[in-house]
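This is the structure I have questions about; it appears just below.
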Amino acid sequence: MGEVRVLFFASASEAAGCAEATVPCEEGGIRESLLWERLLAKHPSLASLRGSVRIAKNCEYLAADGELHPGDEAALIPPVSGG
Amino acid sequence: MGEVRVLFFASASEAAGCAEATVPCEEGGIRESLLWERLLAKHPSLASLRGSVRIAKNCEYLAADGELHPGDEAALIPPVSGG
Amino acid sequence: MDVRIQFTDQKIGPSNPATTDGAGAVVEFLGVVRGVERDAKISGLVYEIYEPMADRMVRRIVEELDASYPCLTFQLVHRHGFVPVGEAAIHLRIEAPHRTEAIRMLEHFMNRLKTDVPIWKSGFVPC
Amino acid sequence: MDVRIQFTDQKIGPSNPATTDGAGAVVEFLGVVRGVERDAKISGLVYEIYEPMADRMVRRIVEELDASYPCLTFQLVHRHGFVPVGEAAIHLRIEAPHRTEAIRMLEHFMNRLKTDVPIWKSGFVPC
């Protein structure tokens, strides 16, 4: 099985206590729900953010039916507050 | 009888060929229509501007029922185009 | 609100970058003379200002808009006389606690300027 | 349209006053750190940026908005790291043929920035 790298930013990195994680990923791809399941197994402290965090894949927001594949760079994007 | 000083700007000063005029004015005041009548007697070339020009009195636009009195500074304000 | 108005025949310089206490947003606007007017190439425009009335109208408009879009400072510089192509005829700088008010002030002020403030492009100079 | 994006941990300097050929309007925006956050006095804010994604999102947003509000140039500087009170966290400079497009671009871009661009105020430093 391959892997997806997941970057944490802002409140997500605070909650996880680290800046990134790797998550196992089948060649056929995984959906957001499975990504969360595997992430929370490693970092249960991220659970409270799940409702507000969006997932990015390779610097684009992941569509609701989007899939992650091995080698993708994912990111947890908490509500942004630039400017 | 007193007088009102009338300043001309932009297309009004071009049409009149000068920057200002004085117009006779009764102590009791005159309305815009009488001001125009007396102005056009002196400067008939202003006639074509009458439909587009607004009158100012002491640096305020004159209300439709406003009056000019001797000593007031009036101005012909063609459509503005600042900025 | 602190309102400053300047009419000048000199080139408009860079603005002071210092910000007022409490300002979260600074919006600046430059209106620049373009090289074409009524399909003809020009070297510049000539502006004319009825200064005492323009000053009064600007203050009136800003005061009215400030009631809806509270801002901290409002600075206007407008040139008169010849303004060459590529130079600014007008410079606005608005500070406000929040950006929305500053942007709305800019937008509505410029609309009012172009209907009510006695300033005219009184001629253009062909190339 | 010429789009330039810079992320920096250095103080944002004064912008280049030169204007692009054909630009009739230049709009600039500074978002300045204010001295109070959640009712507490602060000495500054800390910003975090997911730079490659922020760059991509900004370009996407500007491209989309340019279809409705055609502009000539778009420059964004956003700071990361600690930004002291009174300094700008963001600077925008937009040039367009006409002011309406430049103002709309600013307004809509800032709205989109605050929903879609991965930049965070990730902390504030008390006085």
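Note that the chains are named A, B, C and D in the order they appear, and that numbering of residues resets to 1 at the start of each chain.
Basically, a residue touches a chain if its C-beta (ideal position, glycine included) is under 8 Å from a C-beta of that chain, and two chains touch if they have at least 3 such contacts.
None of the values given here were measured: they were computed from a predicted structure.
S.K.: Are the chains other than chain C still all joined, and if not, how do they split up?
M.R.: A, D | B
S.K.: Where centres are the averaged C-alpha coordinates, which chain has the largest centre distance to chain D?
M.R.: Farthest by centroid: B.
S.K.: Whole-Å distance, chain A centre to chain C centre, using C-alpha means?
M.R.: 48
S.K.: For chain A versus chain B, what separation do you get between their C-alpha means, in angstrom?
M.R.: 72
S.K.: Express in whole angstrom the distance between the two chain centres, defined as the mean CA positions of chain A and chain D.
M.R.: About 27 Å, centre to centre.
S.K.: Which positions in chain D touch two or more other chains at once?
M.R.: Counting only residues that touch two or more other chains, chain D contributes 31, 99, 110.
S.K.: What residues in chain A touch two or more of the other chains?
M.R.: 83
S.K.: Sort out which chains touch which and give me every pair.
M.R.: By the stated definition, chains touch in these pairs: A-D, B-C, C-D.
S.K.: In their complex, what parts of chain C are in touch with chain D?
M.R.: Residues of chain C touching chain D: 14, 17, 19, 21-35, 86, 88, 97, 99, 103, 106-107, 110.
S.K.: Note which residues of chain C are touching chain B in the complex, please.
M.R.: Listed in rising order, the residues are 31, 47-50, 52-54, 56-57, 78, 89-90, 110, 113-122.
S.K.: Which residues of chain A touch chain D once you look at their complex with the stated criterion?
M.R.: It comes out as residues 7, 9-11, 14, 56, 59-61, 75, 77-78, 80-83.
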